[in-house]
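Have a look at the structure below before the remarks.
Letters A, B, C, D, E and F name the chains as they come in the text, with residue numbers starting at 1 for each one.
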Amino acid sequence: MYTHTQRLQYQASPDRSDPVYAAKLQELIGGQYGEITVMMQYLFQGWNCRLPGKYKDMLHDIGTEEIGHVEMLATMVARLMEGAPLDSPGHDEVSDPTVAAVIGGMDVQSAIVAGAGGRAVDSRGNLWNSGFITSSGNLMADFHSNANAEMQGRLQATRLYNMTDDPGVREMLAFLIARDHMHQNQWLAAIEQLKTDGIEDLPVPSAFPLERETAEVGYQFITFSDGEASTQGRWAGGAAPDGTGELSAVPGPHPVDGVPGPPLSDPRLFATTTPDLELPGSRVGADAETER
Amino acid sequence: MYTHTQRLQYQASPDRSDPVYAAKLQELIGGQYGEITVMMQYLFQGWNCRLPGKYKDMLHDIGTEEIGHVEMLATMVARLMEGAPLDSPGHDEVSDPTVAAVIGGMDVQSAIVAGAGGRAVDSRGNLWNSGFITSSGNLMADFHSNANAEMQGRLQATRLYNMTDDPGVREMLAFLIARDHMHQNQWLAAIEQLKTDGIEDLPVPSAFPLERETAEVGYQFITFSDGEASTQGRWAGGAAPDGTGELSAVPGPHPVDGVPGPPLSDPRLFATTTPDLELPGSRVGADAETER
Amino acid sequence: MYTHTQRLQYQASPDRSDPVYAAKLQELIGGQYGEITVMMQYLFQGWNCRLPGKYKDMLHDIGTEEIGHVEMLATMVARLMEGAPLDSPGHDEVSDPTVAAVIGGMDVQSAIVAGAGGRAVDSRGNLWNSGFITSSGNLMADFHSNANAEMQGRLQATRLYNMTDDPGVREMLAFLIARDHMHQNQWLAAIEQLKTDGIEDLPVPSAFPLERETAEVGYQFITFSDGEASTQGRWAGGAAPDGTGELSAVPGPHPVDGVPGPPLSDPRLFATTTPDLELPGSRVGADAETER
Amino acid sequence: MYTHTQRLQYQASPDRSDPVYAAKLQELIGGQYGEITVMMQYLFQGWNCRLPGKYKDMLHDIGTEEIGHVEMLATMVARLMEGAPLDSPGHDEVSDPTVAAVIGGMDVQSAIVAGAGGRAVDSRGNLWNSGFITSSGNLMADFHSNANAEMQGRLQATRLYNMTDDPGVREMLAFLIARDHMHQNQWLAAIEQLKTDGIEDLPVPSAFPLERETAEVGYQFITFSDGEASTQGRWAGGAAPDGTGELSAVPGPHPVDGVPGPPLSDPRLFATTTPDLELPGSRVGADAETER
Amino acid sequence: MYTHTQRLQYQASPDRSDPVYAAKLQELIGGQYGEITVMMQYLFQGWNCRLPGKYKDMLHDIGTEEIGHVEMLATMVARLMEGAPLDSPGHDEVSDPTVAAVIGGMDVQSAIVAGAGGRAVDSRGNLWNSGFITSSGNLMADFHSNANAEMQGRLQATRLYNMTDDPGVREMLAFLIARDHMHQNQWLAAIEQLKTDGIEDLPVPSAFPLERETAEVGYQFITFSDGEASTQGRWAGGAAPDGTGELSAVPGPHPVDGVPGPPLSDPRLFATTTPDLELPGSRVGADAETER
Amino acid sequence: MYTHTQRLQYQASPDRSDPVYAAKLQELIGGQYGEITVMMQYLFQGWNCRLPGKYKDMLHDIGTEEIGHVEMLATMVARLMEGAPLDSPGHDEVSDPTVAAVIGGMDVQSAIVAGAGGRAVDSRGNLWNSGFITSSGNLMADFHSNANAEMQGRLQATRLYNMTDDPGVREMLAFLIARDHMHQNQWLAAIEQLKTDGIEDLPVPSAFPLERETAEVGYQFITFSDGEASTQGRWAGGAAPDGTGELSAVPGPHPVDGVPGPPLSDPRLFATTTPDLELPGSRVGADAETER
């Protein structure tokens, strides 16, 4: 259960309005790696966590923090939208190139739909959707997903930092960039902790018996492109990062013999086929052609 | 530029048809972490890579391999769909519980739309979309994304391995699981290579000056939930994984003072507000209230 | 069954072209609350209505009217797009800020994809989708949805009215705004009619027995935020709008005792868990721990 | 800023597992009118609210409560998924019709993707997206949207109540149904409060001057279908609910004279047209044909 | 402008209910090639048509007919949903395999969300979206799109015809299949008419000067796969269907010389690159390396 | 299985950067009819093709070629993005209208998310999704879909050709336009080949017995709009293109007699209905009202 204080985790006041920048900043709210994504990702991981104790608690901590980050950004966007031009160049001659740039670059939908407020969309106006989040139940996989999310998020925040000189905006971004920095550390540390605790290891999932794999290709780097340099990387030789095998480079791809025959076709579905490929029954019989 | 051989990278023949399993296997084709996702992710990373040489070549290698994995899975799904029941329980009494399970669990849209072939959708029939892929231009961030994708992918493949006893299906999955294993190794090794080469380091992006961050929160684990255990983790103390700072635990969140005032409102947008909050102009002036 | 006359319900001629405004006007065609939404919402409510007579007839009336509103807007957009600049600032120096604003603010996809015609998208180019419509079968719920749709629609239309001075555009919008005004009245009147006819009442659905609810929280306003003022509203005291209970304010949230234990985990799914949380069987037994 | 307690607002324990019901219950988490929708809708309305005081505070209260409702439902779904069958009818003969029904009706993606946890999707597996939420800045419009959301939500919850006999599930639903009941009251009371406070009135937006509308159609119910009964409703006569005009019924639609001519076409876009409809320039000139 | 009669274009009454078939039939309402798609496609083509006369009139005719087809199907689906089982196999033992099949195969969301009515979704519950429609302004291209839509639609309808024996359902489908048959004829005839009238020809768009193309590859069939047979087709020799050139087969793909260098990178975006690839300025200068 | 050469099929180098044009060119990568669409469409048609030999081989050829077209475009977009302005008009006064146009018209998300690289989105930033592709299993239907895709694609490419004067961009487009020209020929020739080979004919699917259709409406053009001219087209008279029937024009639509009654309603779903419309049982009985 959650509670709220009206005070923010950090101030969110621009020195001046900037509707074009407001549109860009939406990426950090409703983009693929925006704060809604990490908020929802950590909340669902926390709710679904099957391991009581420090991992589940930690997921609750960070998921709850991220709700407040969305709040800070939505507050900032609404302030940056103040005074956005509503006029149309079809009627009103535009004499100032700065105004022209704002007319072209601002989020008109924010004005029409949201009264110039923050929205759950990205910098191009795409709707946020839950295909952006990951919650698999396997903590080793998910912590890597989380580390990636914080890296992409910090990367975008630093790009946005470079796109403005507004001291108020930069101050808030400096705070969020620092938190993304900490959260990168947090997930990488959590990966180490999982290994230290003997709970999960590489490869993910570590409980799947390695002998069930097709053994010979589990450590092979295979080339499929004519680039000459790729076999010179760390990934093509030496001890594997999973601590078990030895990496090797295998030039050229090696297809199996034989071209696969087409699947059989139920005539009631009117797929185009040849008469001698009729469906033999509801299941492939023992006497079906072996090359199929 | 790409070329194709009609031979597969590995065989893709089930021992018998199984339309319910075909629907499940679609997750590995068109799901969030299916083969279309990794194929498109690596192709775009390769095309956009600004670092000629072994990294770009390697991205081309693996991206090209993944196209063939989609091919193998699509071939398998079409064969598993052979003989799928087309009848309707509204008219045809079903006497066999196995048939009942198949009627309920198969992908009817595959029959109606695709003539019982493989499709670019997941196991619930959701369309694949490009919000599933990541290509940021920053290789350290993207390699973490790639490692996560291979972990989620292998996790799903092992779950699906446990959902069938079909030797042909298991043989193909054993191959794909081994490749996902290698690819986890590959991306983790590539992360090490980036550090060794001095190209990128943590935190991402490493070229952003740390002194621009809000320094005091870059290494703090802050609790936002009443769980007692979360400060006992590796993430709340000791040297930070980025190799620079020292992690610490900070109990309780600490909001800034003051409640943020509302953003100003343009009366032409008819947002509900009070008269004394009228918009002062197109930009916040020097004499605007400081607490805003 | 439907028929069509080529005459419009109202004129749709701008005085001059205005490609930037055309892009904005798309919100009224294909936006969340555009005319496609109300057209499809009322058509489906009409087709699904299980109450023959005046309600079903009325739904058919208004649903059919709305098809013609989409037609008017699509006609207007195509005319506003006339003469949209196709040149690129990469080659052609732009000397007129008005042209610069148009280049930045127009819908380039309309030109590339639709030959400068109206499209089933919103003002940011998002595709219309059927998640924007509601048709529940319960008329009391749906009429509130309809009232809201007309309010949001009129709100957006008045905002757009304020974004242009074009007499032709304003004349068409004045007509649509008046119809939205009528339709707000229509749905609010229909809500009254449902009550008068004794068909549906509040709370929705009124046929669900109130004694099945958790009685004590059905009329409580509970605070979850530290704002001081919220208990002073009409919603925190006095007779409830449903005509049955008495509203009250309850400060502070009150969680139930005990922290929920984690769900049990099937080891074949490789979720991270502890050994003593193995799955006991396909259903939770009578002797399972009671705190779970 | 938000904080979290690990205790739930209400218990969320089924008496037994039920994977088919778990799939259905997802509608209340990630559906169009699920708890994620109301949570995100109220949070954004609260953050964007430009009216400090009781309205903004109240939005923060209810938005924060709804986060905890998602938590309760996610907890319940994970428990209902316990022991879900993972086997495939392609290999394993199913002898029990109950098992057949579960195989067909459960959410296989929950197992494959989420380790049998709750997810941000609806009962058919569609991703939640932000097109489900409304935050316009106009409180009168938005409170009607909120009332509708609580009506649709309670309607769905009561339908789901009727789809199970599980005492634990019903107990949690009885709590949520009661809260939806309260929240219907809350928003209807808030609508009254807005009128009482003189802040907003009907029609929405009430600040738009009525004289700008096309006056004669603002109170007319017009028939577009041959249903005979629709003019007998409350919406076709009597005082309008907005308190200003008088409703009337106008039989038959009345198109304006003249068929609209086609929009002009830029030949560089290759739209099919006739030679005499060439584009006269970048803007429609004064001498353009008046009937266009 | 549109009007409606409550009588259907054709009867839509099943002989008995069949909820599983109702779910399948949704494909014809809200699927990629369902009736909503052709309705919206033809309506937008008609509204945007820049050629007054028989083509525009014909588009209005067929677009209006299709609205009534959605109506027929929505009516049918609601009737097929009558008596759908609402019980849950988690509590109620299922003894009848027919009931088990229905529980697994029906659209539970129709019951929960729509009160068992027709919906604007496909057979897997995916939302209809406007990415399914085409309206380019070029009639030759669009009429081919329309012919395809009618072919896919009739194909799906015949597949669904084969999935039921219900005389009432089959009667309605026989009507729709006949109309799809006519509409295939209609669009193919309209393509001929465009050529006869000298308005458009092949290739689309025929007004683009052929001499602007890279001449040598406009009639070449080039092989990119090791299949042996593809050069034996009509597409690899003989007069081209556009009536202008001569088709030929060109074995093997032929890449251009040289590997493309990477794009230059703005350091403020933190893309991973090498120091000597710094961005030279806002536009590529005359002295930029020629191989780039 | 696929392999890659780092050489492109054709050069992809602009003479100068042009970020606004880069955003437009994205339509050819990730739009509804972009190269990802045809690539994925042909790959899936090839994988699912049930007819071994020249058709399947040809699908593999063209599908593989299209992967390389995406590569060329992604390469071009990244180069056009070089030097895109990152500054914000909120702080930096813009004095050059050309720069203003670029600020408004470029894809800011490309910079923020992709480090200024090509992306799998269209010209408005919409995500590519698999609802853009068609693979039905019926080659006659799918080849018409393919012909349409190449027509729409060439149409968009010629429009984009007209939107730039950059020699390098035009050279690449001239190549792609020529390939689209060939591919139009290819699919139209393949349609002829299917007829010549006696594999498929019109109407699609040709194997469905014509006598099962409602015979009288299979060749009727019926008017639903008051346009006068539509019966003068080729589609309203003469031999049908399917080679079987004779087309005719039938003025005015002809609904069937009787208004359909409402579907019955399960009271547990709380749909609004009248008491005498209670549900008679799980299936419509023999004594149900005949007019229903």
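Heads up, the rule we're going with is that a residue touches a chain if its C-beta (ideal position, glycine included) is under 8 Å from a C-beta of that chain, and two chains touch if they have at least 3 such contacts.
It should be emphasised that the depicted structure is a prediction, and the values quoted were computed from it without experimental measurement.
Think of each touching pair as a link: the shortest run of links from chain A to chain F has 1 of them. In terms of residue-numbered contacts, C-F and A-F present the same interface, as over half of their contact pairs agree; the other options in A-F, A-E or D-F do not. Shared numbers divided by all numbers used gives the overlap of an interface; between chain C and chain E this overlap exceeds half, so the copies present the same residues. Put simply, the C-alpha centre of chain C and that of chain D have 6 angstrom between them. Centre-to-centre separation between chain B and chain D, using Cα means, comes to 28 Å. Among the residues of chain C, those in touch with two or more other chains are 1-9, 16-17, 32, 48, 50, 55-57, 60-61, 64-65, 68, 75, 78, 86, 97, 100-101, 103-105, 111, 113, 115-117, 121, 124-127, 129, 131, 136-138, 140, 155, 158-159, 162-163, 205, 208, 224-225, 227, 253, 255, 262-265, 268-271. Taken as a contact graph, with one node per protein chain and an edge wherever two chains touch, the assembly is complete, since every chain touches every other chain. Every residue of chain A that touches chain E in the complex is listed here, in rising order: 155, 158-159, 162-163, 268-270. Here chain C touches chain F in the complex through residues 1-6, 48-52, 55-56, 86-97, 99-101, 103-105, 107-109, 111-113, 121, 124-127, 136-140, 194, 199-200, 205, 207-208, going by the rule given at the top. Across the complex, chain F meets chain B through its residues 1-9, 30, 40, 43-44, 47-48, 50, 57, 60-61, 63-65, 67-68, 70-71, 74-75, 78, 113-121, 127-131, 133, 135-138. Contact residues of chain F toward chain C in the complex are 16-21, 23-24, 27, 31-33, 80, 97-98, 100-105, 122-126, 156, 159-160, 162-166, 224-227, 253, 255, 261-265, 267, 269-274, 277.
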